[in-house]
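Attaching a single structure in structure tokens format; questions to follow.
Letters A, B, C and D mark the chains as written, and numbering starts fresh at 1 in each.
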Amino acid sequence: MENYLLLIDCPDEKGLVHKITGILYRYELNVIRNDEFVEKEINHFFMRTEFTGNINELLILNELYAILPKNASVKFVKKHKKNVVILVTKEHHCLGELLLRHQFNELNVNILAVIGNYDILADLTQKFGIPYHHISHENKSREDHELEVLRKIQDYNPEFLVLAKYMRVLTPAFVNYFPNRIINIHHSFLPAFIGANPYRQAYERGVKIIGATAHFVSNHLDEGPIISQSVIPVDHTQNANDMTQAGRDVEKIVLARSLKLVFDDCVFVCGNKTIIFD
Amino acid sequence: MENYLLLIDCPDEKGLVHKITGILYRYELNVIRNDEFVEKEINHFFMRTEFTGNINELLILNELYAILPKNASVKFVKKHKKNVVILVTKEHHCLGELLLRHQFNELNVNILAVIGNYDILADLTQKFGIPYHHISHENKSREDHELEVLRKIQDYNPEFLVLAKYMRVLTPAFVNYFPNRIINIHHSFLPAFIGANPYRQAYERGVKIIGATAHFVSNHLDEGPIISQSVIPVDHTQNANDMTQAGRDVEKIVLARSLKLVFDDCVFVCGNKTIIFD
Amino acid sequence: MENYLLLIDCPDEKGLVHKITGILYRYELNVIRNDEFVEKEINHFFMRTEFTGNINELLILNELYAILPKNASVKFVKKHKKNVVILVTKEHHCLGELLLRHQFNELNVNILAVIGNYDILADLTQKFGIPYHHISHENKSREDHELEVLRKIQDYNPEFLVLAKYMRVLTPAFVNYFPNRIINIHHSFLPAFIGANPYRQAYERGVKIIGATAHFVSNHLDEGPIISQSVIPVDHTQNANDMTQAGRDVEKIVLARSLKLVFDDCVFVCGNKTIIFD
Amino acid sequence: MENYLLLIDCPDEKGLVHKITGILYRYELNVIRNDEFVEKEINHFFMRTEFTGNINELLILNELYAILPKNASVKFVKKHKKNVVILVTKEHHCLGELLLRHQFNELNVNILAVIGNYDILADLTQKFGIPYHHISHENKSREDHELEVLRKIQDYNPEFLVLAKYMRVLTPAFVNYFPNRIINIHHSFLPAFIGANPYRQAYERGVKIIGATAHFVSNHLDEGPIISQSVIPVDHTQNANDMTQAGRDVEKIVLARSLKLVFDDCVFVCGNKTIIFD
């Protein structure tokens, strides 16, 4: 018996749960967990159903399309490890966290490769038997460098890109290759401190709490749908550098937790927000 | 159109969601929110459905019993303020919190009366126009005092009792009058520091975090189903008295939040645990 | 034996702690607690010393000025309840919290009066025996209304003003009457969501955590020195209104905790930041 | 100019800070940070001073002993990486965290070796160039196994032992070789759930928050001085296994944070508690 997910989102109308579960019932599928949510502001229905059984995917899909409103999005997902490529710059803490979780099967992921614009993290990556590609940005235009990175990524055909402290801004053209498939960790409690040096900004402002935000990358810098956020208290004894260090623990845990949610197919993107069934 | 809740728990079997939602669909009820959960260790199904519509409650109940497994528990609840009596001793912070929330309709509650074994909190209670009954325990056996309290409570016929820092242990006979209808706030992060003086115990042990626990009262002291818990950090500069003061903020917020969950019918009791749809 | 505080801030130089504690030692004062901090970015020294004893304040102050760098700020404070006036608009939760803590001596405060631009909170205030002044802003210029409020405040000569959800922006002229003596609770995790409707903004942005910030009021809206911040998690099931309700618990606790710090003289203002010895 | 720490604890008496800082002032040492605390229940004084300068350690120590009460404990510490041996069993997450932090100099530590009673973690350890010793406990008495482990540890002469999920109980004789020098991570919010399978216990009890505790090891199981604790919320959807997974993130962060405090000499042990200057 296989383990499946059914992911549906469509305009809301009466009786959707009854109709959808009716089809699963007739095929004698065993529902393990079922979550629904209606976003009332836009009257849109989201449903995530975990079940086991032996199915002819096409048969069921056709039945579902027949009863669902037009423009419904329906996905059958067989549970599997998600293929990803990770992009990094110089900082090791998020990459190290992901390599460890990958090695010990704590994350539903298959890390295909790591690409860095410096070679600093090559050694760490290779310890874990993962290919590392150093694509320097020096003496190249942004577009030329990005194209080189894109070509390398395409060699691996990943389902997701993870920006594990990749400190270069991606162009809209690049982002559009991977709609809602790039996940970034931002080192602030967004929308506070958008842009460069957020810990320096936090220190200057004298805040008493700092945080980190994992989000999908959209074309607007630091403005894509937020997946998860977390915070820690700070005080006047900590300078910008101390905050940077303290923030690392939060960043890596928030990124890892967000990836778990995404790779377990718990996250729907709804405009600029996320619906998360956890 | 009325606002209703349907609360079902029963042994799990295939097709329950489909069958239940089918009945709601045929009556053209408008489901606003639907939550289900199956506790696998005991294979038991829980469902909470919010809907609007005009219903003949008996008709629908009969249809539901016809399709549900034997021993199903089914409740229709029209949304309403829960009638409660509050028991107190000397401390004001939880009572004050509840009186304010009651006054400003922040809690789905109707406070009928407050009963205290001291008269210290009479003045505070009466400021808010609520009757206060002082039933001293002095020179009385535990059973005599408790019977007097019970008689006074029965005059009000409340749906729930709230122990807002009521510092007397209730006997099993008393508790059995109100099964899963007495909510207590315990001033520790249960199951740590069961019994008397938990902040003193916490100080002696040198813990770095203290907490509070709201739970239903069962016959075993401090062992009923937990509804909510919360914590705050402490350090070596705080003595037992400082911890007591710091703990008050946590206690009153945890109690208020738990009562909100219970009075909004979001809480199922499942053996010694709670299932909470929040 | 009286209970005193000595509060010093001055440019840093070697030997300050030794010299200051030497004077206290010669007068045989009993130091209960001592905190120091040097803000290295501006090379400035802060010290807070709690002690008991019988002192001639002027004698000691003269000795301190003799050994301290020029421009040192030195304050002797006999422990006392701080006289405050509270400003409100319509929301009750922060006011109710402060009235309860005042009533039960949980805060080192003496509430002289409450002033509101609506009369909604008069009843609550008067329950606790505190005068309430309704000064409507309707049909008045901002300046005229503010002057009327100022005159009423001056009748009471308070040490601090507390803005307990006072929803009107104060002019720089008004603020300058009370430098670092006005404390505001802002309903967001500053600097995120400056300005109006922060919960609406938080909802629109799809954040996963919301917060509240207590700060001194400076001439720049929502930009004064932050005293304390706190947060709670939210998710996609909560709309802007739900977030507003959830935020209230955080707001009132953060405000109360910040006032405790300020009224216990634990807070130094240092430019746009606070140094807090808690 | 060297970077030093002065760590003093002794019975409290008037003028200690003045006298101690006087000696530092005469030697023209530059105090960077100074923390003091008096534990009033036992009238004991603790002081930690960071300073830079060129010192004759013996000269200053003699001057300090001359002015301090009898039985004072005084330590000069030149800032250095602490030599440690790590003990493990099967779980990788705490070890992986420490190896990464060691590799990237995020912790003031020099990991000399890892000893495990299984060989599962040999590969991970060796990736980072650290020796791994597999000392199986099979077919050996507790004492024989422990002696073998002790001998191996003694080969390295470490300043601290870290139990990174070492799942065997240590005998008092072993513990006494390393008084207040063994740090353990316990997978519960002590003192709740002492002993085996705390996550199972937490699940059975239906708690809404779980945690982890890092502490020095004393002769009483899970009862040594607590260094740090942290928690995360859980709910009814998580079984014991889910809680175990969720707890790992907390365990490794709490352990790493506690080791940072200990290795930076911020922690005094005071009976069964810790005084922490962070």
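Definition applied: contacts are C-beta pairs under 8 Å (C-beta built on N, C-alpha and C of every residue); 3 or more make two chains touch, one makes a residue touch a chain.
Here the structure is a predicted model, which means the values were calculated and not measured.
Novice: Treat touching chains as neighbours: how many steps, at the fewest, connect chain A to chain C?
Specialist: Minimum number of steps from chain A to chain C: 1.
Novice: Look at all chain centres (mean of CA atoms) and spot the one farthest from the centre of chain A.
Specialist: C
Novice: Quick one: report the Å distance separating chain B from chain D, using the average Cα coordinate of each chain.
Specialist: For chain B versus chain D, the centre distance works out to 41 Å.
Novice: Suppose each chain is reduced to the average of its Cα coordinates; what separation in Å results between chain C and chain D?
Specialist: Centres of chain C and chain D (C-alpha means) sit 38 Å apart.
Novice: Which residue numbers or ranges of chain C touch two or more of the other chains?
Specialist: none
Novice: Tell me, which parts of chain C touch chain A in their complex?
Specialist: The touching residues are 37, 39-41, 189-193, 204-209, 211, 225-231, 235-237, 239, 270, 272-276.
Novice: How about chain A: which of its residues touch chain B in the complex?
Specialist: Those residues of chain A that touch chain B are 14-15, 17-18, 21-22, 24-25, 28, 30-34, 36, 38.
Novice: What part of chain A is in contact with chain D in the complex they form?
Specialist: 92-93, 96-97, 100, 103-104, 106, 124, 127-128, 245, 248-249, 253, 256-257
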